[in-house]
Amino acid sequence: MEISARNALKGTVKAVEMGAVNAEVTLEVAASVEITAIITKASAEKLGLSVGKEAYAVVKASDVMVAID
Amino acid sequence: MEISARNALKGTVKAVEMGAVNAEVTLEVAASVEITAIITKASAEKLGLSVGKEAYAVVKASDVMVAID
Amino acid sequence: MEISARNALKGTVKAVEMGAVNAEVTLEVAASVEITAIITKASAEKLGLSVGKEAYAVVKASDVMVAID
Amino acid sequence: MEISARNALKGTVKAVEMGAVNAEVTLEVAASVEITAIITKASAEKLGLSVGKEAYAVVKASDVMVAID
Amino acid sequence: MEISARNALKGTVKAVEMGAVNAEVTLEVAASVEITAIITKASAEKLGLSVGKEAYAVVKASDVMVAID
Amino acid sequence: MEISARNALKGTVKAVEMGAVNAEVTLEVAASVEITAIITKASAEKLGLSVGKEAYAVVKASDVMVAID
């Protein structure tokens, strides 16, 4: 499946923390660059996410903000 | 200002394309790792975003999805 | 690519309207059930979206609200 | 109340799963077409959502992505 | 229609700026408290939004971030 | 840090409810005007959010909808 989301950053799962409904998944997408996702627990289980697995962080461009110092 | 958004990736502006209401801004946050943002044209102008400027891509964790091959 | 987004509704492109930065794409996902997406013009072009093409409307569960009459 | 969100799909509640803060609600909006929402537990209770109830899945157009096979 | 979105702030339209696909709408929800929305141009027209009209800014709780100085 | 999000409403924390992964935070941004946020529990702890603290509700303009009666 090819998706319209402009951002798909390849990385490695660093942590998975399960809640009752949601899961928090952290990916390392470059050396010292991590991205944290909150997805449903059902999705985390369906994708078989566990530490060390290769995965992508996918973000729609309209959900990205820009900040400056 | 310190914000609850879990993801703030430091990078450099690679491209800014202005529309009537929105602007598309591309940041390089690591070698060969780019993130594209759609923000309002007013925000892009207020932040003075232009190619080469240092900036952060900020994303709320609940807006990040995870995908596998 | 398999994605964590819980909702991927298969349908047919009914309309594509291009703006300067964004595009508005309408899919029919069941008889008389349409979903409208705003995606970047670049994504609409990359996916080759045009009327009659099969496509999916993909929505993260945390972006869905529920309403009652 | 009439809302700007372009997508309001009428359906029937198929499942409600409560977490500590959030709830996962699944609606059937057409035969074999389901949409899953994560809303706050407080909202699920306020709306009185339970299996069999008629409800709408509401999604802002800028939160819809498009994918192709 | 009663919606799960936790935040519906009543206010008055202060400005409407139309783009090709999107519109930027600014509401004053309390003295000196303004909220800006980007909605589709089609929605802005359907709702008949114009300066001085009463309207609500509606935001899903999972789209709100918190910041401190 | 200066951010592209168009909406940053200053207020006071009225309530914080912790879940396993997420937290629900309510801010009063004007007399009788409250905004509720769902953020990660980790962010709520990192920001030291507690009742009475001054904080901002930050919302990207593309996440705001408009409704009329």
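Every chain is named by a letter (A, B, C, D, E and F) in the order it is written, and numbering of its residues begins at 1.
Convention: a residue touches a chain if its C-beta (ideal position, glycine included) is under 8 Å from a C-beta of that chain, and two chains touch if they have at least 3 such contacts.
On a predicted model such as this, the values are computed, not experimentally measured, just so you know.
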Could you tell me which chains make contact with subunit A and subunit C both?
-> B, D
Give me the rotation angle that lays the C-alpha atoms of subunit C onto its copy subunit D, rounded to the nearest 5 degrees.
-> 180
Work out which of A-C, A-B or C-D repeats the contact pattern of D-E, with more than half of the residue-numbered contact pairs in common.
-> A-C
Chain centres computed over CA atoms; the one at greatest distance from subunit D is chain B
If you average the Cα atoms of subunit A and of subunit E to get two centres, how far apart are those centres in Å?
-> 29
Chain-centre distance (mean CA atoms) for subunit B and subunit E, in whole Å, is 23
Which residues of subunit E are in contact with two or more other chains?
-> 1-6, 8, 19-20, 22, 24, 36-40, 42-44, 47, 56, 58, 60-63, 65-69
So, with touch as defined above, which chain pairs make the list?
-> A-B, A-C, A-D, A-F, B-C, B-E, B-F, C-D, C-E, D-E, D-F, E-F
Within their complex, state which residues of subunit F touch subunit A.
-> 1-5, 19-22, 40, 42, 60, 62
Contact residues on subunit A for subunit B in the complex?
-> 5-9, 24-25, 27, 29-31, 33, 35-39, 43-44, 47-49, 53-69
Subunit A residues touching subunit F - in the complex, by the definition given at the top | 17-20, 22-24, 36, 38, 62-63, 65-69
Show which residues of subunit E lie in contact with subunit D when the two form their complex.
-> 1-6, 8, 37-40, 42-44, 46-47, 56, 58, 60-62
